[in-house]
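To keep things simple, chains are lettered A, B, C and D as they appear, and every chain counts its residues starting from 1.
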Amino acid sequence: MPLGPDAAGVYPIAPTPFLPDGSFDAASAARLFAWYREIGSTGVTILGAMGEAPKLDHEESVAVIQSCVAHIGGLPVVVGVSAPGFAAMRALARSAMELGAAGVMIAPPNTLRTDDQIVGYYAQAVEAIGKDTPFVIQDYPLLTSVVMTPGVIRRIVMDNPSCVMLKHEDWPGLEKITTLRNWQRDGSLRPISILTANGGLFLDFEMERGADGSNTGYAFPEMLIDVVRLAKEGRRDQAHDLFDAHLPLLRYEQQMGAGLAVRKYVLMRRGILTSDAQRKPGAPLSTIAKQEVDYLLERLARFDKRAGALKAA
Amino acid sequence: MPLGPDAAGVYPIAPTPFLPDGSFDAASAARLFAWYREIGSTGVTILGAMGEAPKLDHEESVAVIQSCVAHIGGLPVVVGVSAPGFAAMRALARSAMELGAAGVMIAPPNTLRTDDQIVGYYAQAVEAIGKDTPFVIQDYPLLTSVVMTPGVIRRIVMDNPSCVMLKHEDWPGLEKITTLRNWQRDGSLRPISILTANGGLFLDFEMERGADGSNTGYAFPEMLIDVVRLAKEGRRDQAHDLFDAHLPLLRYEQQMGAGLAVRKYVLMRRGILTSDAQRKPGAPLSTIAKQEVDYLLERLARFDKRAGALKAA
Amino acid sequence: MPLGPDAAGVYPIAPTPFLPDGSFDAASAARLFAWYREIGSTGVTILGAMGEAPKLDHEESVAVIQSCVAHIGGLPVVVGVSAPGFAAMRALARSAMELGAAGVMIAPPNTLRTDDQIVGYYAQAVEAIGKDTPFVIQDYPLLTSVVMTPGVIRRIVMDNPSCVMLKHEDWPGLEKITTLRNWQRDGSLRPISILTANGGLFLDFEMERGADGSNTGYAFPEMLIDVVRLAKEGRRDQAHDLFDAHLPLLRYEQQMGAGLAVRKYVLMRRGILTSDAQRKPGAPLSTIAKQEVDYLLERLARFDKRAGALKAA
Amino acid sequence: MPLGPDAAGVYPIAPTPFLPDGSFDAASAARLFAWYREIGSTGVTILGAMGEAPKLDHEESVAVIQSCVAHIGGLPVVVGVSAPGFAAMRALARSAMELGAAGVMIAPPNTLRTDDQIVGYYAQAVEAIGKDTPFVIQDYPLLTSVVMTPGVIRRIVMDNPSCVMLKHEDWPGLEKITTLRNWQRDGSLRPISILTANGGLFLDFEMERGADGSNTGYAFPEMLIDVVRLAKEGRRDQAHDLFDAHLPLLRYEQQMGAGLAVRKYVLMRRGILTSDAQRKPGAPLSTIAKQEVDYLLERLARFDKRAGALKAA
């Protein structure tokens, strides 16, 4: 099933599990993907920046895709194919689609500046991946330094029928969702899926502004799933109550650079990953940082019992 | 009293009040500064980026300094003097000190790259402001694009006896505090004051890592004051309870670019500012954004009664 | 006489002369401006980046403007008013026009990214300087990191009737001139003056592409004047012969950062400036660099006798 | 023969030849590499930025390496292995060395800011490529935005015995060569080879400052070879005479972004390449730009007969 503009719900951004020796941890990957399905995810995104994609060679990337497709139980799989050149992007996109992915995700390289450069880049990327490969725009200026106005996103969407989703992680970004949804309403933009990320830091209000769901990797994706559901049911206070209870930890995990270590550490403590190892370059958590995360987990457990059922640190 | 390395507590980052026609709102400024003192601030910082300093000409900057000194009741006043050239920096620093400021704050220009460039810049800045003018390093890479390692900060501190404080707003930045405090302990760094900012997003843990207090402009500075006090008293859970209750709003206010509008809007609703007007360039809050802030204030009022006693929006 | 879209010829970018103690060298300034007029300049630009404008306070800037207006013999004077905030820009633009300037020059701040941000910035700048103040767009991405497409320049020109000139120093930039001139021809862009800069490194071909002249500070502005004249007369080979003879030195002077020291050193050796001093920050030439410049001057003297009539180094 | 710190002479930066349909042009590659050897090159660098490396997939990169090793006649081959992640870097470096390369070249990613980040990056890169693989530091801030002080280069050289060469293309950069050579003289830096690039724009003086040769891709590498030889023989005036004759064309070719099209066009006109095609993204020369290059070639032919013996445009 190709990814379509009606995608909604929660597509967790999957970390890539490694063993302490740096090798790909296939057992943890299988467990992780199966778990995503069990808890109610509607899809999954792999090999993004938080999936340590640039640290994998082509064969390893293929192994991650295969593991995901095998264990995700038929949910749509989106594969990050951002690359410094179109040759590598083409090769990975082709492999991904052949292996059963539903679409690919493309972030712009941080050398782009003008509106035309950004629009032109996506036109060339579409040539590289093929016009029949559904793709997601990753809009993450904090990471890429590339600033896309709503108008630029509209140009990309309208120029390229295979563009089906926006991974929205501009910051601040609430007005951008409102603008795009208004444009859909007035007919100047065709419908696309908007899933939001940037660590989930504004998911509460993003849903109210018209997002279709979440596309981030917070270590309690159940919360993302519940908040998205509550918001869609119009249960505003409950959505915020749940979100706010997680916000202290979520904020801690959203730190640029350091966040992935927190995420893997919590997933390890939750029994999903065998190890919180990252490949180089990647800073591990200090002892004191682990204690801080542990403290946040203890506090969270007063509200969410899932945070209480942890393995020893 | 010149600013010293023993500065601690909360130095709010003051916004500059304007009337809807763009003129300086002296009445609100007087009220704001008096209020900072009343609630227990230990100092104040004016004419920072969030004080819209680049939108003021020299005479207006002088008026803000005079108002602050007149109404802050003898607390130390720190004046932002960052400028694209040393001529303007020298002129403003001289005016500030003559008018009664306790010290000045300097952020590096976003053209600096190497360690030596940063260290060299501060050496030249000290020549410009005079070696007897106490100064604060503003370390805010999200805003300035300048990344200072702990080692660079140490070089600046050790080279320049007039450096007395670090306005710490690196992100992520917890390990940086720990490193600097360890260096003080082992004697390789002389003592300096560390007040933290970046909107206050990590104040809870920054205090535990060894910060001396807070130097940000969150619209409920009473919370910053209470959290700093609770942390110093070792009442960890209470500090986090209070901090967490404010975190949803604080996070909303910490948005780059949009944050100042939130801050001024809340201060207006609290009756401190007459208007939430900003000078150009500066985006006002949309109607929906104001409603979001109102909702966050309502939720906060369940925990903190100060958030309940508001003027009508 | 206000600056108009018919401006042409050579507007040297004037350095600001200083004495070795860092004070403004009024005598050299008077000599410099008078000399510009004598050799056939058609205007002059002061207080640009190469005029060390950020190192001057407001009073000093006023002194430079007054000196220029007094000695330039009625030629149009363009004043750089780029500033981090509109307050300072407004103040300097007002002073400049009151003192007799013909227009002002505005470079975009290096925080701008999207097309709309750039267009919006110039709209606000025009509000600040007043709609009746003619202004020049400085398009210098190597210095500002701001990339303006031809389309963005057209938007600024068409939105703002007071925009009369483009200081073109994009690099590479030949196609940009051709595009803009084609747009003038097809009526989608109203006429503006295009003077080129970036140290003059492509003046030979820029004239052939349709530039109206030169707006740079090379230490032999007579060459710029002659090349512009020869090009307009259609004497292509002679224009290139002269340009090529100067290219080794011109290239040496065009180095970012180091170039101003070369320029001031040569102007001192030519007897125009009393000293080659720069204000801080500003690296002086090393002894070996001076010897390299001397060698280039000796070689140039074989072709251009003006390079032979120098003061001792 | 592994690359050593005694490397000298001219290592042309080879373009990757393509046919108009975008496929690798093996015949032109063979001709190009054989020609480099015949004219007196002492080595060659392939798969750099000007070799369109990011547009090749791994198999194509291997094909280029094989072609080069097969036709370069035993000269040392340096292979660019810069990559966004260490997995790809490791894979390409291993292939390169197995196929007979003498060493690899590594440029820093444009996200690095502090001195420690740069030094740390090279330490991790050495782990990836293996400590026995000789490598070249590519120091090209205009392309990478990474600024390396001489001190940072020294730290990399002293930390990593496998660092044997600096591809120097900082700009301005003459003082950097002098500083490094002084440090070799005083014993604080072990000897390394310094070959200079940045299009060759300062080769004349770089040789006089102590460079060992040239490492750029100018379309008349014979000139580079002759200038390096003349400089080493102490024939200063002759070196400059030859260099200056080529400077107008060399400057035209040195334009960022547009330069490769010029280079390939001239190599095509010289009969070395069958086509001047680039892979996307890559702007072709406009008709008028080709005419400008043709004109520069005509002018050059008056001085260097090689520029007269061209194929029809």
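We adopt the following convention: contacts are C-beta pairs under 8 Å (C-beta built on N, C-alpha and C of every residue); 3 or more make two chains touch, one makes a residue touch a chain.
Everything numeric here is computed off the predicted structure, so don't read it as measured data.
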Chains contacting each of subunit B and subunit D, listed by label: A, C
Cα superposition angle of subunit B on its copy subunit C, in degrees to the nearest 5: 180
Inter-chain centre distance, subunit A versus subunit D - centres from mean C-alpha coordinates, in Å: 39
Rounded Å distance between subunit A and subunit C, as computed from the means of their C-alpha atoms: 48
Centre distance in Å when subunit A and subunit B are each reduced to the mean of their C-alpha atoms: 33
For subunit D, residues that touch 2 or more chains besides their own: none
Touch-based graph of the chains, sorted into line, ring, star, complete or other: complete
Contact footprint of subunit C on subunit D as seen in their complex: 171-172, 174-175, 178, 201-202, 204-205, 208-209, 240, 243-244, 247-248, 251-252, 255-258, 286, 288-289, 292, 299
In the complex, subunit C residues that touch subunit A: 113-117, 146-149, 151-152
Subunit D residues within the subunit A interface of the complex: 53-58, 60, 83-88, 90-91, 110-111, 120-121, 124, 127, 279-281
